[in-house]
Amino acid sequence: MPYVNIKITREGATAAQKAQLIAGVTELLRDVLGKNPATTVVVIDEVETDSWGIGGESITVRRQQGR
Amino acid sequence: MPYVNIKITREGATAAQKAQLIAGVTELLRDVLGKNPATTVVVIDEVETDSWGIGGESITVRRQQGR
Amino acid sequence: MPYVNIKITREGATAAQKAQLIAGVTELLRDVLGKNPATTVVVIDEVETDSWGIGGESITVRRQQGR
Amino acid sequence: MPYVNIKITREGATAAQKAQLIAGVTELLRDVLGKNPATTVVVIDEVETDSWGIGGESITVRRQQGR
Amino acid sequence: MPYVNIKITREGATAAQKAQLIAGVTELLRDVLGKNPATTVVVIDEVETDSWGIGGESITVRRQQGR
Amino acid sequence: MPYVNIKITREGATAAQKAQLIAGVTELLRDVLGKNPATTVVVIDEVETDSWGIGGESITVRRQQGR
């Protein structure tokens, strides 16, 4: 029954990588807490780099500066 | 004053259907808890089927298998 | 498969009222979009009135002023 | 370490405006609570006007009526 | 830089189990997408069983029925 | 109409500090994007330090190590 929301910047994650995240998180919740995979929901949000900030700056700006 | 976030897979919900969800949830909160519709906020997020998982698999994979 | 998050202020909603919200939202998603109730997840968060703001003020302050 | 999620309707916010939101919120959390800007994360979601409701109506409908 | 929110019912998860979830999700994001652990944020929300619904019923009711 | 969710660790933020966050974010959205304060909603979530992770560790562990 858990619900997991993963937010990442939109920088080219593939369907295969997202499938790995979904499988991996579901397995983790089964292993650590015994949660039933059948009702474990995972939602991945990809966010534009202009719309994600850390350290008071957008990721767009940080990427331009090589960080 | 309530805030409601509805997440569904992006599979063709129309503006009319979204309007029904907005109206229906707002009415439900008024009927059950007496919440003021004027300040009830509803946000609908549509998520790609690659980015939604249940049972450890993406919805894309499940749809391909006829589930 | 939908996921719904309802946020309300913590002002005494009962288990019976929460059950009505869960049933009502699940039914709405089935009626409007044909979503399967078996995998519709609803999570209700109750938030202290000090921690909820609208119009630039907390709900605590608004309640004190009879709003 | 705070995490801030700002949801607005998708109505033309520019990268510069989003940068101002990111900088402003990060500064606010440092000033009010002494939070470290280096680990303050801000995520801005822009939502279609069809998918945002208030008062039981979508923003699309409200905009059409000049509200 | 990813942000992960894990929602589970409040049914006795220990600090050690939460630490395993935090470590496991952070590792998964590094392994699958090369994300930097130093800026990966994980937030776990525990929700009362009255406030979590699936299949149109609260978890409290489902637990009482041995499900 | 914006909705802002601020998540911080539960480490003693006062009602006055939360009021400052609510007022400050509401003002920021008015100044940067011209958003109407009357319908700007701010919700602050305080999360136990056991339930918040960064760098693969909980905040509880980091605080014990003087970080």
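Labels A, B, C, D, E and F are assigned to the chains in the order they are written; within every chain, residues are numbered from 1.
Keep in mind that, in the parts below, a contact is a pair of C-beta atoms (placed from the backbone, for glycine too) under 8 Å apart; a residue touches a chain by one contact, two chains touch by 3 or more.
Being a predicted model, the structure only gives us computed values, none of them experimental.
J.: Identify which chain pair among C-F, B-C or C-E reproduces the interface of D-F, meaning that over half of its contact pairs, matched by residue number, are the same.
T.: Going through C-F, B-C or C-E one by one, only B-C repeats the D-F interface.
J.: Which chain lies the greatest distance away from subunit A when centres are computed from Cα atoms alone?
T.: Chain centre farthest from subunit A's centre: C.
J.: Looking at A-D and D-E, which pair shares more C-beta contacts?
T.: If we tally the C-beta pairs in contact for A-D and D-E, the bigger total goes to A-D.
J.: Have a look at where subunit C meets subunit F and say same if over half of the interface residue numbers show up on both copies, different if under half do.
T.: Subunit C vs subunit F: different; shared/all numbers falls short of half.
J.: Select the chain at the greatest separation from subunit E, using centres from the mean of Cα atoms.
T.: Most remote chain from subunit E, centroid-wise, comes out as D.
J.: Averaging over Cα atoms per chain, report the distance between subunit A and subunit E in Å.
T.: Result: the chain centres lie 13 Å from each other.
J.: State, to the nearest whole Å, the distance from the C-alpha centre of subunit B to the C-alpha centre of subunit D.
T.: The answer is 20 Å.
J.: Starting from the mean Cα coordinates of subunit B and subunit F, work out the distance between those two points in Å.
T.: The answer is 25 Å.
J.: At which residue positions does subunit C touch at least two other chains?
T.: In subunit C, 1, 3, 7, 21, 25, 39, 41, 43, 45, 52, 54 touch at least two other chains.
J.: Using the contact rule from the top, write out all pairs of chains that touch.
T.: A-B, A-C, A-D, A-E, B-C, B-D, B-F, C-E, C-F, D-E, D-F, E-F
J.: What residues on subunit E touch subunit D, complex-wise?
T.: Contacts found on subunit E: 1, 3, 39, 41, 43.
J.: Give every residue of subunit C touching subunit E within the complex, in rising order.
T.: Residues of subunit C touching subunit E: 15, 18-19, 21-23, 25-27, 37-46.
J.: Going by the contact rule set out above, which residues of subunit B touch subunit C in the complex?
T.: Those in contact with subunit C are residues 1-9, 13, 17, 20-21, 24-25, 28-29, 32-33, 35, 39, 52, 54, 59.
J.: Over in the complex, which subunit A residues touch subunit D? Could you list them?
T.: 7, 45, 47, 50-58, 60-61
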